[in-house]
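Here's a structure for you.
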Amino acid sequence: MTSNIVEIDNLSFGYKGRLLHKGINMAFPRGKVVAIMGGSGSGKTTLLRLIGGQIKPTQGEVRVDGKVVHEQDRDGIFLLRRKMGMLFQHGALFTDLSVFDNVAFPMRELTDLPESMIRDLVLMKLNAVGLRGAHTLMPTELSGGMARRVALARAIALDPCIIMYDEPFAGLDPISMGVICDLIRSLNDALGATSIIVSHDVKETFLIADYVYFVADGVVAAEGTPHDLMQSTLPFVHQFVHGEKDGPVPFHYPAANYQSELLNQQL
Amino acid sequence: MNLKRMIKSNLLTSITRFLSGIGYRMIARVWRLGAGTRLFFLTIVYSGESFRRFHLTLREIYFTGVMSLLIIIVSAFFVGMVLALQGYNTLQKYGSSEAIGVLVALSLVRELGPVVTALLFAGRAGTAITAEIGLMKTTEQLSAMEMMAVNPIARVVAPRFWAGVISMPILAALFSMVGVLGGYLVAVPLIGVDSGAFWSQMQANVDVRDDIVNGVIKSVVFAVACTMIALFEGFDAPPTAEGVSHATTRTVVISSLTVLGLDFVLTSFMMVV
Amino acid sequence: MERTKIDLWVGVFVALGVAALLGLALKVGNLTSNNLGKTYSVSAAFENVGGLKPNAPVKSAGVVVGRVADIKFDSKTYEAIVNINIDQRYVFPKDTFANIYTAGLLGEQYVGLEAGGEDDSLKNGDKITQTQDAVVLEKMISQFLFSKASESESDSEAAGAKPVNKKSSETKSPEAASTELGDTPF
């Protein structure tokens, strides 16, 4: 048993010949909170989908618990996914089910537990995210932060060893953000799980992460503990961490010469 | 000279563009047909769960079947009444207004029952299915399900498919029956056709196997087509608001055309036999 | 949960559907009149069955007593063999007549049985020997024309009349009713 539960080895992935990732290496040790950071469109979410086996890499491999994900058949992938929980960017709650049924969904689908035990487990999970009192509500009646917490309760319903968070802080007010922050850390430690956070919110991520990977231009541009990265002199990391407007990542999308384009009437 | 060449080359490019546009669209159609067929087979393969946990299917029967009852019954009633009125108008010229029952029953059982039910079903239940699945895809619910190691085809698609296949023949049978009753109401109390002649002529000329069973067969085929189209369009919709709305429109258009085309094919097969 | 409500409504829905199907089969369709109970089968040979189809009614004195099971062509005698299922409640004598009639001028064709006088009755697998063919409209018309023509030509020379006479005797054969007597070899 290796100490890393998820390993990404020389991974390349792309659509139609255009590579999004060009040889990425990452390791996610057990029990740690590891963050993947990078600008929008740098393929962070795609990395999560590669780990979950929803898409196949063009080159290289992803190993989860020692097994190469894209070599598994459907049943094998489903077995691996039972060890994972994933929090989607907008929660992705089932809108036709109540909060209770949403959290109960993985238990009902994947286990043969009696309904009375499911009830207790669901209430325990909802209690952990502080929403036991809201179990009768429908997802449409929840605020964004509450929906995110319900989705978190659903992601940990079956006590996964890997919890993946896709932009857990995006679009939340500061209070909800703090709550989610605390929950990610405390749930990780309570469950003894490994958390993978994909985010571009520097402050919150640095607060809870043990280790951070920076992805830019399809490669790992920098890695290290939050403390190291804060001190980093790498221009890209510096620009990202301090949120500067211009730097190695240019403000402008590549375009033709400004003057000549304005003067030229044809488009 | 130069101008001439320019016109010529412009014409050439526009023709090539036109032709390649047609080719592109054809390929897209064929691709979608293939993808739809694949979804159909996957649905069949993964439909074990929709019977083992039948309440999943039951729930969908409620939404597709029970919720369509009102529109089906009301439409059938009016269709039956109009058939009787129109039929009487023509038949009385030949002095055979008693045959009105046969006319109403045969047109309903053979054609209008299955076809109109399928068209209404596509509009009422089909669009709902497409929009629901399209939105589930847009809001990543299907992705979430997959990441939870739950197969969306087994959990979402198959129960809806079987619900449609079970509901539509029932709706079609109801349509025919209610239509006949509507025709009876117009023919007997309103126009004054003899009640005995109405029913006995009908019974003498409507064959259980040739007419009623064939009607049921038609409605089952239409059910498979309509439900599958609705499911595929939802499943295949681009995950945007625009994508889902286009998919919903396509469901109605493609379902209607498919039903009418299939109706011709099935009818010609049934006539030969 | 509200699952019970859904169950109830789906139950109502399915019950309505079954009721509608039963209604269609019993009230609209011919399931009731098609119901013959136990039957026995007899066959009859016709030179021409016209538009008779399987499942056509077999009537005697206007009452439906059976149905046509199938119609085959006998390549030895060049006749149509019609198998008939008759309800076991009805017994017919051996020398029963089988005719093919038309309901109304242009209606469906059916088999009419006219009882004879013999003591022995028809049993399963028996053959009705006395049959009369379907009336074929074209034949009737041509026969009428030929008889008109022969009437006018009978006054003229016998040489031309001969083939006409032969023809007319041939076309009369269906009119001569029973094939037992009128088995005219063509």
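Read from first to last, the chains carry the letters A, B and C; within each, the first residue is number 1.
To be clear about the criterion, contacts are C-beta pairs under 8 Å (C-beta built on N, C-alpha and C of every residue); 3 or more make two chains touch, one makes a residue touch a chain.
Because the structure is predicted, anything quoted here is derived from the model rather than measured.
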item: Contact graph of the chains (line, ring, star, complete, other); value: line
item: Per-chain Cα centre nearest the global Cα centre, belonging to chain; value: B
item: Most remote chain, CA-based centroid, reference being chain A; value: C
item: Geometric centre distance via CA averages, chain C-chain A, whole Å; value: 79
item: Distance from the mean Cα position of chain B to that of chain A, given in whole angstrom; value: 42
item: Interface hub residues of chain C, defined as touching at least two other chains; value: none
item: Residue numbers of chain B (touch at least two other chains); value: none
item: Chain A residues within the chain B interface of the complex; value: 52, 54, 77-79, 81-82, 84, 86, 88-90, 92-96, 105-106, 109-110
item: Parts of chain B lying in touch with chain A, wherever the complex brings them together; value: 132, 135-136, 139-141, 143-144, 146-151, 155
item: Footprint of chain C on chain B - complex, ascending; value: 55, 58-59, 61-62, 65-66, 69, 105, 109, 167, 169-171, 173-174, 176-178, 180, 199, 202-208, 211-212, 216
item: In the complex, chain C residues that touch chain B; value: 3, 6-7, 9-10, 12-14, 16-21, 23-25, 27-34, 55
